[in-house]
Amino acid sequence: MKAAVLNFPGSNCAEDLLWAVGPIAGAHAEIVPATATDLTGYDLVLVPGGFSYGDYLRSGAIAKFAPVMPALRAFAEAGGYVLGICNGFQILTEAGLLPGALQWNRDLTFICEPEPLVVENATTAFTRRYTAGQVITLPIAHGEGNYYADDATLTALEAHHQVVLRYQHNPNGSCRDIAGITNEAGNVMGMMPHPERAVEALLGGTDGLGMFESLMEVCDGAYA
Amino acid sequence: MYKAKIFVNYKPSVLDPKATVIQQTLTRLGQTNVDSVMVGKYFELVLQGNEAAVNEQVAKLCSEMLANVNMETYRYTLEEVEA
Amino acid sequence: MAPTPEQIKRERLYEPLGLTTAEYDRFAELLGRLPNYTEMGLQSGMWSEHCSYKYSKPILKTFWTHNERVVMGPGEGAGVIDIGDGMAVVFKAESHNHPSAVEPYEGAATGVGGIIRDIFSIGAKPVASLDSLAFGSDFTPHNQQLIDQVVAGIGGYGNSIGIPTIGGEVQFDASYQQNPLVNAMCVGVMPKSALQKGAAAGAGNAIIYVGAMTGRDGINGASFASSEFTDEAADRSAVQVGDPFMEKLLTDACLEVTRDHRAALVGMQDMGAAGLVSSSAEMASKAGYGVTLNLDLIPQREPNMTPFEIMLSESQERMLLCVKAGHEAEILAVFAEYDLEAVVCGRVTADGQYRLYHHDELVCDIPVTALTDAVPTYTTTPRIPAALAHPAPDFVPVVADATATLQALLALPNIASKRALFSRYDAQVQTNTVVLPGDDAGVIRVRGTHKALAVTTDSNGRLLALDPYRGGAMTVCEAAANLIATGATPLGITDCLNYGDPRKPEVYYMLQESARGITEATRAWNTPVVSGNVSLYNETSGEAIAPTPMIGMVGLIDDLSAITTVGFKQAGDVVYLVGQTGDDFNGSSLQFLQTGQYAGRITGFDLPTAVATGQAVLTAIQAHLVTACHDLSDGGLAAGLVEMAASNVLGARLTTSLTNAQLFAETPGRFLVTVAPADVAAFEALVPQATRLGPVGGNQLCIDTCDGGVNAPIADLIQTQQEALAWQLA
Amino acid sequence: MYKAKIFVNYKPSVLDPKATVIQQTLTRLGQTNVDSVMVGKYFELVLQGNEAAVNEQVAKLCSEMLANVNMETYRYTLEEVEA
C-alpha cells in the first residue's frame, strides 16, 4: 500500500500519521504538501488532524480551497481510499466529500479523552479487521467534533450503513452518537477519533492499528 | 466600491451550543426574562467593482467560504462607499 | 509631536514609564546628553524589571546553575542539559500573570506562545508544554470565568500549534483572588550540535525580522508587567492577541534555518518583553557589537507608528535573526516557502552603538550597553514578617471519623482531581506521550532512543508563606519526588519566581530565604537551575500574593520499561509506605479543613532524609521491583491511596500503627508503592524505609488505624475525588 | 418584549488572525479586489421587560459577557416585538 499523508499549513498530526502508517503498520507512506496537484499513484490519501490555516473561520473552511483539493476530489471520484481524521474529517465535510458538518462541542470545550466506540459497520475498507459491534477505545482531541446533519441525511446515512463508528458515551453532542462515517461509495471515510494515537502499547493501546491494517489488506490483497 | 455586510446564522433546526451555553448562564445568573438567544457571525468586506459583479462575488463567497450551508444560512446587504 | 529632551527632564515624563529620577539621570550621564523621547522609551523598556532583573539579579546570582550535564545555563533563551546519545533537552518557564488577569484568554495563550519561541530559538523542537496555575479560592462568577478562560487560552494555543500539554498544576488560595498566576513551561529536544545562541556578531552582517507585523499591541507591556496594577483602564491597552497558526509556521521555518542553514545563521532570538529593542540590543550586547536598524523596513500593521511604538511593541509571533552578509537571500527564501514575511531591516556594526533610522532621520544613537549592562541592580534590607517571627502554636487535630474526614478532604479543590481542566488540553499530539496528565509527572519518549523524559511543575505558596526557606526546599523536593514516582532521575530545573513588591523588606526576605532553600535542595538533588523567569509586583491594593516559586523539573528515564504510574495494577500487590510519618499538621489540608486557615511552623522536613528516601524508591523502580508509585503530598497517606485506587478502581485492605489523624499528616518526603508478591523480599531488602500496609484488592478502601480507620466503597471515594472540582466550578 | 441586535467587533488596533487568514485566502484565489475584511460577532436576544430595563440589562450583558471590552467594542439596537 502506498499512502499519501496530506499536509496543510497548520496541520499538526501529519507526522503522527506518517509514523503510524509507515514504521508501525508497515506500509509505504509519505507526506504530500497541500500545494501538490496530483495524487495518482497512491492507494490511500490520509487527511490529518490539526488546525489547517489556523481554523479561525470554521474548521476546514479554508483548507477546502487549498491547491491539492481538486486532485483529492478526482482521486476520491476515481475510487481511491481517503481517510480524514479529526481536522481531516472537518475538511472532507467542508469540501463536500462527506455529508454533514462538524460544529462546536456541546459544552464548548475542547476534549482530550480516550473514548469507547462501537464499530457499527465492519465491512468497510477501513474497518474490516474489526468485528461488528466490537468496542474499541480511541483518543479524541477536538473542540469542533459535534457531528450535525439534517434528519433526511442521517436517515440516509443509516440506511446505507455509512455510519461506521458511534460513541458509546457521546462526549460532544454528535447527532445519533456519530463518530465516523463513509460516503455512499464507501471509499471516503471521516472520523473524529484519532486511530493514529492508538497504535503502540507503550502509548496506551493498539485499538487503532486495525484501521490501517484493514486498508493494507484491501490495497495489498492479503495482509499477514 | 461596495461594502458588504454579511450575517451568518445557524439554521433553526441546528442546536447551537454557543447560544445554549449563553442561555444557561443567564438562567444561572437569574436573568430568566431572556426568551431566546441567537449567536451569529458578522462580516464586513469592502470590494472594488460594479454592483452586479460584487453582488455575484459576495454570494459565492458566502455560500462557499463564509457560511457552511449544511448548517448555516446567510444574508447580506451591499452599500456603495467612497474609495 | 514628541516632547523635547528638556521637556522630558523638566516634566519628569519618564516617571509614568516606570523610571526613577536617579535612573533617568544615570542614563543621561551614560549618553553624555539628555535622551530624546525615543531613547528614553527604549530605556524604560530595557530598564524594567522584566528585561533587566534589576531587583532579582542579586537573588538569582545565588542559584546553583552548573553541573557536569549542563550544556547551557541561565542567560540565553532557555537552559540546555545533555541527555546522552548526542541529544539534549531544552526547557524554560515563563509567567504571564498580569496579562492573564487583564485578559485571561489571550493573556494565557500568548504566555504559551512566548515560551515556545524561547525553545525553538535555541534550535530545539518543542515537544511538551506544562502549565502552572494559581487562582483565588472563592469561586465567584468572575473567578469561574477567569479559570475557564485561562484554561481555554492555554489549550487554544497549545492544541492548535500541536505541542502536547502533558503536565502542570492548579492551586486555589485566597491570596491569588485578585492576582492569578499563569506560568507556562515548554520543553524541547534537539541534537546537541544544533545549539544556537541569540547573538548578533560580525560587522556588516544582516539583521532579519520575520513573523507577524508590528502593531500597537502591548506597548509598554514590559514596564506594565513589572509594576503593580491598580489603574485598570490604563492597563487594558496592553492586550495582545496570539496567532498560533503563525507561530506554527515560524517554528517550522526557524527550525529549518537552524538545521539546514547553520553556516549562514549567526544568531536568533524571539521578540518577547520590550519587543524589537530588547531582542536587537541583547543580541548585539552579547556579541560585543552595535546595530543599526531602519524602522521604515519593519512590517507595520498600523499606519503612523512612532519609533517608540515600533521598538516597544509586543506584538506576538516575531523573531529576529542575525545572518551572515551575502546569505540574506538564502534565508529569506526559507521563510518565503512558509508564506512568512521576512525583511532585512538592519546591519551589525563594529562600534557598539545602537542606531535607529526612521523616515531618514537618526532617532536614536546610544551605546548598546546603556540599554543592557548599565542597568543598576538593587537590594532591599530584608525583614522577617511578624507572623513568621512568632508562629502560631502547633495544630493538633482530632479525627473521630476518618472516613468522613477523607470524603471532605477529597472534595477540597486543591485535592480534587483537576481533570475537568486539563482534559481540555491535547496531551497526545506528536504521539510520544507515555504518561498522561493526572499522574505524578508527564512522560514522553524520545523517538529514536530508548529514553524518556519526565516533567513536572510544582509550587506551594501556602507553605512558603509559613516558612520560605523550608518551603522553597520542599517545593524542589516535591518536584523531584514527582519525577521519581515515574522512574525518572531528576536532571535540572527551571523556575518562575512569583512574588510581591521587592522593595518591601518582608517581600525581599521571602525572596531571599526561598532562594536559599531552593539552592540547598537543588544541590542535594544535583538538579541545577538552568533557566527561569521572575514575576514581581504581584500585589493588589498593597497585598502581596503568597510567595510562590514555581519549580519546573525535568528528569530522564534511561529504560522505557521502567516507567511507573500511580494506579494500582493488580489485586494481591502489596502496598508499602516509604518514609516516616510524624505529627506534621501545620500548613496541612487537614488544618485548612478544620480551621479554615494554614498556620504554624513547618515541621517534619529533613533534606538529606528526603533525598535518601527518594533515591531508595528510584533504585527499586529501576530494578523493576515496583508496580505502582505515588509521592505523598496534599491530604497525606489517605488521599494518596484514593489517587492510586482511581485508575483501575481497585480497593485495598490495609493496617497501620498510625493514628486516624496521621492518615492525613503531610510529613514531606514519603511515597506509596506497590510490589508484586514475588518481589516483596527483594524490595524490602532494597528499601529498608518501607513499611508494609497490606494487599491491593476488593471494592473497599479499608485502613485499620490504632484508633479507628477508614472503611468506604472505593468507588464513592473515587467519585468525590474525580468530580468535586467540576461540580464546584459548574 | 424587545429584540436586541448586538454587534461585537475587535477594536481597530487589535490583531485579528481570522480576518487576516480570510484576506490572504482571497488573495491566493485571485480575488484581489477585496480591500478589507472585518470579522465580528452578531447576537440576537429576545427579552421581556420595559424598554429602559431591557436597555440597561443588554448594556450590562454586552460589557460583561458578550464582548470583551479589553479588546472589543459593541453596539446594539432594540426593537419592540410581539410576544
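Each chain gets a letter, A, B, C and D, in the order it is written, and its residues are counted from 1.
The working rule: contacts are C-beta pairs under 8 Å (C-beta built on N, C-alpha and C of every residue); 3 or more make two chains touch, one makes a residue touch a chain.
All figures in this text were calculated on a predicted structure; none of them were measured in a lab.
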Identity of the chain that, by mean CA position, is farthest from subunit C: B
C-D or A-C, whichever has more C-beta pairs in contact: A-C
Centre-of-Cα separation between subunit C and subunit A, whole angstrom: 36
Intercentroid distance (Cα basis), subunit D paired with subunit B, Å: 10
Centroid distance [mean C-alpha coordinates] between subunit C and subunit B, Å: 41
Subunit D, residues touching no fewer than two other chains: 17, 21-22, 25, 39
For subunit C, residues contacting two or more additional chains: 243, 245-246, 339
Shared interface positions of subunit A, touching two or more other chains: 53-54, 56-57, 62, 65
Touch-based graph of the chains, sorted into line, ring, star, complete or other: other
Subunit A-touching residues of subunit D, taken from the complex the two chains share: 17-18, 21-22, 25, 28-29, 39
In the complex, subunit A residues that touch subunit C: 9-10, 12-13, 15-16, 19-20, 49-51, 53-56, 109-113, 139, 141, 143, 194, 196-197, 200, 202-204
Of all residues in subunit C, those that touch subunit A in their complex: 152, 155-156, 159-162, 243-246, 248-249, 338-339, 423-434, 436, 445, 560
Footprint of subunit D on subunit A - complex, ascending: 53-54, 56-57, 62, 65
Subunit B-facing residues of subunit A, complex: 57-58, 61-62, 65, 93-94, 99-101, 103-108, 146, 148-150, 173
